[in-house]
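Multiple structures follow.
One chain, subunit A, links the two complexes that follow: it is found with subunit B in the first and with subunit C in the second.
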Partner chain A sequence: MAITSLKNLKEFSTNNDRFEGAHLLCPGCAHSMIVRELMNCSDDNLVISTNTGCLEVSTAVYPYTSWDTSWIHIGFENAATAIAGAEAMYKARKKKGTLKDPDAPVKFVAFGGDGSTYDIGFQWLSGAIERGHDFTYICLDNENYANTGGQRSSSTPVGATTTTAQAGSHSYGKKEKKKDIVAIMAAHGAPYVAQLAPNKWKIMAQGFQKALETKGPCFINTVSACTTEWRFDPKDTIHVTDLATDSLMFPIYEIIDGHELNILYRPKNVIPVEEYLAAQGRYKHLFKPENKHVIEAIQKEVDQKWEMLQRREEARI
Partner chain B sequence: MKLSKEGEKMQGQDLCAAENRGVRELGAEKLVGWDEVQQGVVINSFEGDATDIVHKKAEERVYSDFNSYTATVASWRVQKPVFNMDVCIDCQNCWVWCPDSSIISRDKQMLGIDYDHCKGCGVCVEVCPTNPKSLLMFAEYTELETALSGWPEKTKKEEK
Partner chain C sequence: MAEKYEIKEIEVWDGNYAMSQALRQAQVDVVAAYPITPSTPIVENYGNYVANGYIDGEFVMVESEHAAMSGCVGAAAAGGRVATATSSQGFALMVEVLYQASGMRLPIVLTVANRALASPLNVRGDHSDMYLGRDAGWIQLDAFNAEEAYDMTLCAFKIGEHLDVRLPVMVHQDGFLTSHTAQNVHPLSDEEAYGFVGDYKCVDEMLDFTRPVTYGAQTEEDWHFEHKAKQHKALMDSRTIIDEIFAEYGKLTKRTYKRVESYHMEDAEVAIVALGSSVETCRLAAEELRAEGIKAGVVAPRCFRPFPFDLIREALKDVKAIACLDRSSPGGAMGALFNEVSAALYSTQSRPMVTNFIYGLGGRDFSVKEAKRIFMEQKAHVDAGHITTPIQQFSGLRGPKLGFFETKRS
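Our next item is the complex of A and B:
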């Protein structure tokens, strides 16, 4: 695999973008930062499929396409199935010797939002990972169905208000816990599973390279701050992501072969989750006196998760 | 808009033939409506051979009319970022975090902003580490010289 150097940002910046501008994602959307970085961290030919979601509807508005690679979209749930099929066909044609350039390195990548990964495409993703196709699935986790107006998904965290789990006089927003997709995918025995964030560009690019290099199905959950539904200023995308990783709401870690857990980023100063929540409009109601207990509960949950990750890293099981 | 004669001919052909012809051969001026494109048609990002595209810079590529690079979203902007070359240290933070691939960077140097694709989100200004910042937001109608002449001076850190 032709790996691009990640020595420093200056060298990384000599790559030529394969994801073009003038797509219709919101200004300041983190989706395109993540996609650009994946496409820049390798020189290989990429075959990409995308689930329905913000990324798909905004980058393939007829008659335009923003993708400079092979790209396919089929349905809401089956980016994983489509890429598994493409990979199987590639292998079969390689065996038969009907490929134009059989030595060219090809990597298979699927993108999905959290709605199509955590909920709608879950069964398809699980099946593709179980069958062991050689692909990388990247979930762009913005914690709601942002494309259709911000409905709750099973990725929405406790306390956030969404259009279908609204905060008001009788509710503090979503009451159910966020699904731990990384643990679920690691439980499949996938060779590489990770949770990454775009504000740590180097860790993220290294993770992407590792996933592309690894033979077999890899899963990466990336934090994608949504300016529209999380309700913050477009310019603050990286700032909010910084708060997310430093408050440990989104710890950055990888799990190799389903058991070997490594924490990839330890914040020097861990900030209270309150700061992360205060930066976003979707948590505004939690700062009313009657909802204070929700913030405390979130903090407790985050601390427990961090403790668990640290212990698992130590135990190596 | 109705399908052109060539478009009608394409109906019923198998996937491979459609792949070879693409929508492109219909010609941009005879573009069919989005609901008239038949299944299996491939839209090409480039004219001709695109094998080694990863090693070509934007100016060396031959984009097709269907690549969004040929489109513009400049009308989205209310404010625009202005780049001051004198303060820049070429750290490339703006390049890596620009969501719209609008920072023009060549040979490890930041050259400027692609105003056809910039949506004016302001992420580049926020991640700029220099003092004063080498990228600042100005109203869309501000002229470049006016913006550069009023650039702020270096600010000292406030003592605690």
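Our next item is the complex of A and C:
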């Protein structure tokens, strides 16, 4: 049964699963919540590709697999191209009539972390989106190279400490801004692009469904709180994600056909980013007096982005 | 249904055109490709056949060669016939995915117009790219002319897709020398060619949802070794199937290929071992020298991987002096062909004298005259009873002679 017809989380938790609970992801990792929700939000057959990263190394260690559907992993950078190849073969075989079940609907989905999406696999993703393959790419954005022990990515936000952009006596952590992957993907003219979060699970499921039902290449950036590298208690994953969406560090919105922007979640009470930062060890150093200016700068940036999103939405262009 | 394509009994095709016709006749389902000189026309032609209805396939023009092979892997795992083409830098960019394709046992066919590797940048033919792929777990077939480029490409599909093989196959031809030289080709009719290659047989396809498959799993020290050993065994075991398929192809075309091609080797005293279009150059030289009373012969691995260790030993054991020609910069070692041939001969009683020539890099011309000179140098070793030159020499190089490793005689 598709997840959008479910009334509550309890019903969801007992729903049929194509992503098996037995995997090696860290306790409290949001990846599995997001993946499970994607796989449960459609009854169609799924072909899934995954870039090298936390999700891949935790779900397909021979002789086990967590994937009760067709799944492929090639390398760090090419999940978008792997799924594009599979989709091309589906079209070729449909034309030739060599599919075993030609009438069954099939959906093609690629997963990648922010390392493979924003950085090493950026070109492969851009190419696959430009070519217009009918697939959905989902980035599990935990803002660092978590699988290799927490190095900076171009998704790591200003001020976070990572092993390769460290906070220290002469540094407040990463200095460069987080790349705006959603805007870049929308600029490709993709028919559906969104940023979603697992704490807003119904909105996320609706977004996933929209992407799967949309013909052509769709891109979704999902916030995936990383208990290990963001440094919070594994039981607090959804709490930290609530702080992310309610502080507007991670606004939830969609962009249709590269221009029509809709905000999908408006917090009733917007909280200061300081609360979000304070909940994570990776920002601890920002609370020293000499780094106060960094928190101010982050708040300013968040406010400006929210203003921009609202004006884009109002403009309806 | 694909449109009918008019084909004559004898066509004048260059190697690239011949390979693309083989792709059309095999009715390849998906080609994911990125153009690079000199292999570009192979995929351009496939695009042309798709655009004009001669193939019911999908042409995916990706943004790099790495993506080309990645797309091929995804397509092949989805269950269908897959091919692409590349050369040189493109080949180098593909290397990561070459290993992944063979590790997943996907029978992709990669047609290669061999070309030098930069730096310095060079678009001409040598075997640097072919050598770069030699440990990638692919079967590597070598065509010496345009007709063979056609023949080997058809055979490649049948070999790779054979249920007891299930390995990717590269078909090599020399950039420009073969890829762009129009020659007579005797193609099969479309019906005969497709009948030979046969329908694609799906194994563990991702589009059969009654039986979900996981491709590209992780294995560490517990299972990785067993997987790689199995892959190596599959390559080794493919030897007899390659022989069978070459024999079957011979019945259709009267062109019977062997994993090691021997020319005038029955009573040869001196021999050259070479790859690519130079094989034909060496054969001409041997022919001319035979008229002068020199017992010269040529041995050429048609199948570079799996390396025909035993057949090479058998072909060369009674020869007295052998020159191994490597058209790739050995980068601080002996040439790869020299090393492999020498290793094969070490276990013979006779242990012939073997020397190594590095030649033709970046498309430097290799002439019949030079091949004859190399043969005569082997003859001089035979007459002297020992190697009279450095063991490794550079042939056709400007400036002073370059050679390494004098023979020590006790």
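Convention: the second predicted complex is superposed on the first by the 303 of 317 C-alpha atoms of A that agree within 3 Å, B and C clash if a C-alpha of one lies under 4 Å from a C-alpha of the other, contacts with A are read in each partner's own complex, and residues count from 1 in each chain.
Convention: a contact is a pair of C-beta atoms (placed from the backbone, for glycine too) under 8 Å apart; a residue touches a chain by one contact, two chains touch by 3 or more.
Bear in mind the structure is a predicted one, so any value in this text is a computation, not a measurement.
> So, on subunit A, is it clash or fit between subunit B and subunit C?
On the shared subunit A, the partners clash.
> Between subunit B and subunit C, whom does A:153 touch in the aligned arrangement: first, second, both, or neither?
Once the two structures are laid over each other on A, A:153 reaches no partner at all.
> Contact-wise, after the overlay, does A:65 reach subunit B, subunit C, both or neither (first, second, both, neither)?
both
> A:221 in the overlay: touching subunit B, subunit C, both, or neither? Say first, second, both or neither.
neither
> For A:36, is the partner it touches subunit B (first), subunit C (second), both, or none of the two (neither)?
first
> Which partner does A:92 contact after superposing on A: first (subunit B), second (subunit C), both, neither?
Touch status of A:92: second partner only.
> Now for A:84: first (subunit B), second (subunit C), both, or neither, which partner does it touch?
In the superposed model, A:84 contacts subunit C only, not subunit B.
> Just subunit B (first), just subunit C (second), both, or neither: which does A:161 touch?
After superposition on chain A, A:161 lies in contact with neither partner.
> Answer with first, second, both or neither: which of subunit B and subunit C does A:136 touch in the superposed model?
neither
> After superposing on chain A, which stretch of subunit C overlaps subunit B: 222-230, 240-248 or 312-320?
222-230
> Touching subunit B in one complex and subunit C in the other: list those residues of subunit A.
Residues 61-63, 65, 67-68, 101, which sit in both footprints.
> Which positions of subunit A touch subunit C when the two form their complex?
45, 47, 49, 56-57, 60-63, 65, 67-75, 77-78, 81-93, 95-96, 98-101, 104, 106, 123-124, 126-127, 130-131
> Would you pull the subunit A residues touching subunit B in the complex into a rising list?
Residue list for subunit A touching subunit B: 9-14, 16-25, 27-33, 36-37, 43, 59, 61-68, 101, 198, 201, 227, 233-239.
> If you look only at subunit B, which of its residues touch subunit A in the complex?
It is residues 23, 31, 34, 37, 43, 45-46, 50-51, 53-58, 65-73, 76, 90-93, 95-102, 105, 107-108, 114, 116-123, 125-127 of subunit B that touch subunit A.
> Okay, in this complex, where on subunit C does subunit A touch?
29-30, 32, 56-58, 60-64, 66-67, 70-80, 82, 96-97, 100, 200, 206-210, 212-220, 223, 227
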